[in-house]
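The next block holds one structure in the form of structure tokens; read it before the comments.
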Amino acid sequence: MTMTDQTMTRDQYTFWKEIEVRWGDMDSMGHVNNTVYFTYLESARVEMFRTIGITGRQGNNSQGPTLVSVSCDFIQQVVFPAIVDVGARVESIGHRSFRMSYGLFLHGTDELVATANSVTAWIDYAAERSVEIPEELREALGKYQNKK
Amino acid sequence: MTMTDQTMTRDQYTFWKEIEVRWGDMDSMGHVNNTVYFTYLESARVEMFRTIGITGRQGNNSQGPTLVSVSCDFIQQVVFPAIVDVGARVESIGHRSFRMSYGLFLHGTDELVATANSVTAWIDYAAERSVEIPEELREALGKYQNKK
Amino acid sequence: MTMTDQTMTRDQYTFWKEIEVRWGDMDSMGHVNNTVYFTYLESARVEMFRTIGITGRQGNNSQGPTLVSVSCDFIQQVVFPAIVDVGARVESIGHRSFRMSYGLFLHGTDELVATANSVTAWIDYAAERSVEIPEELREALGKYQNKK
Amino acid sequence: MTMTDQTMTRDQYTFWKEIEVRWGDMDSMGHVNNTVYFTYLESARVEMFRTIGITGRQGNNSQGPTLVSVSCDFIQQVVFPAIVDVGARVESIGHRSFRMSYGLFLHGTDELVATANSVTAWIDYAAERSVEIPEELREALGKYQNKK
């Protein structure tokens, strides 16, 4: 029905962030609301950025990341209580932006609940436009690519 | 950088939902958080479904819609106070699912702030699997296709 | 059971903000989640502040409001679709803070769904401490007291 | 300015829930939004209820808890990244409702960031009214009272 690659396995991801599902993440259908998955992706991305040393505007930097696009394929409902392991990796690095992909698994299992993709641009905040990704950042992001 | 079609115009959408941006929709970057756009899409979709007569599980129906995938391209930041006009249309209707596309505009203008796409499956809640879209629903959804 | 004054009537409030309930405001109990009422209060407060001319840190001011405490008594469940009319008034104005009270009604009716109270301090952002409320602001806030 | 008892210490709480602050919990002021504290309280309460065996409507029970009122005093701003330890205890148990109080601390420290109180009623869902708290539940709740 969708182009979701349900064969994604944990070993294809290079960065991990555990998310404890909050009761309030569920909607009136009784499972985690689709919009909340994007906050899980955001938490994983922010954590990876912090590991690299990207703190964005909060760190009073003049440059930083901004999300350009994001998509998510929902494979399985998640119900509280649960922990979701968000696997992430850098997919490709362009001049002014980079792609990431994600696999969301039930904690400690190979059960995939969602896959996702994002494009992040590197932005000069004052100029409000994308700029060349600094070489140092390019190298740091490269470490999270799946080299296999 | 992305495949966003920034030439989308208001006349390409067949259903509209105005969303008043809440102050709390903004994140620490000072603009509407990317995850909140998906709640705007959800509100538009739910409203369109209600107009058609789809009430899902809340209406104690045995069948209803479930979101399979959704994506969003962010074109322009939105800052409170603002009203966002979400334009939606049915893109295509398959056997057990249908595609929708969306254009988010600053209220009353042609300024596009985001475009989005979604796939919704038609689900038998008890069986927990997608089923054939009923003919009556197919016709109702068809009215929101862009026939031009 | 609580000290909620369920006799509050609409004419006791001096400022109004209509809130359109979003489908996503509901939790897995199938009604608007208790934490969301606080975003409704926030929206009403921000709107009143904007009417007065208080823009806070976003307006690059050195002083602004910060919430010190807030409480809410839940009287009746709210289910989507609904519009909630949030009535607010300034209760009392101290040296460095002011009290507000709120009544949340089903749109256009006298049906009270919740009452609430808040204390807002006037803060010097750099010094990170409360300061004397400026005379001009004191007068502006005074207009929203219930003089009856 | 408020009646916050800033002398609350960790040993006064009988149940603990660690909450990892999400980046998205912050608002445009750059710290955790006041409304989000109430989701932290909710998470602690739900966890305590689950420990006791209260699963509410989700467990297909005919009776369960419903929040009647909640208040929070904000003592110190919280900024991501952070973990908040929510301490809770049962304050008093009435015929059809019980009071709880909470202290939110920066993880592993005595730094109090907020205190809170709530009243929860015991509800018959079908009858939509509060009913007598069952003896077994009364005993279970009693274990979380601060006996000192």
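Letters A, B, C and D mark the chains as written, and numbering starts fresh at 1 in each.
Here is the rule we go by: contacts are C-beta pairs under 8 Å (C-beta built on N, C-alpha and C of every residue); 3 or more make two chains touch, one makes a residue touch a chain.
All of these numbers come straight from a predicted model, not from anything done at the bench.
Comparing the chain pairs A-B and A-D, the larger number of C-beta pairs in contact belongs to A-B. Counting the residue numbers that touch the partner chain, subunit C and subunit D have more than half of them in common. Among the other chains, C has the CA centre that is most remote from the centre of subunit A. If you average the CA atoms of subunit B and of subunit D, the two centres end up 35 Å from each other. For the pair subunit A and subunit B, the distance between mean C-alpha positions equals 22 Å.
We define each chain's centre as the mean of its Cα atoms; on that basis subunit A and subunit D are separated by 31 Å.
The multi-chain contact residues of subunit C, meaning those touching 2 or more other chains, are 23-24, 28-30, 33, 35, 39, 42, 58, 80. Of all the residues in subunit A, the ones that touch subunit C in their complex are 23-24, 26-31, 33, 35, 80. For subunit C in complex with subunit D, the residues that touch the partner chain are 1-2, 4, 28-29, 33-36, 38-39, 42, 56-58, 66-74, 94, 96-97, 119, 121, 130. Interface of subunit A with subunit D (complex): residues 20, 22-24, 30, 39, 42-43, 46, 50, 58, 80-81.
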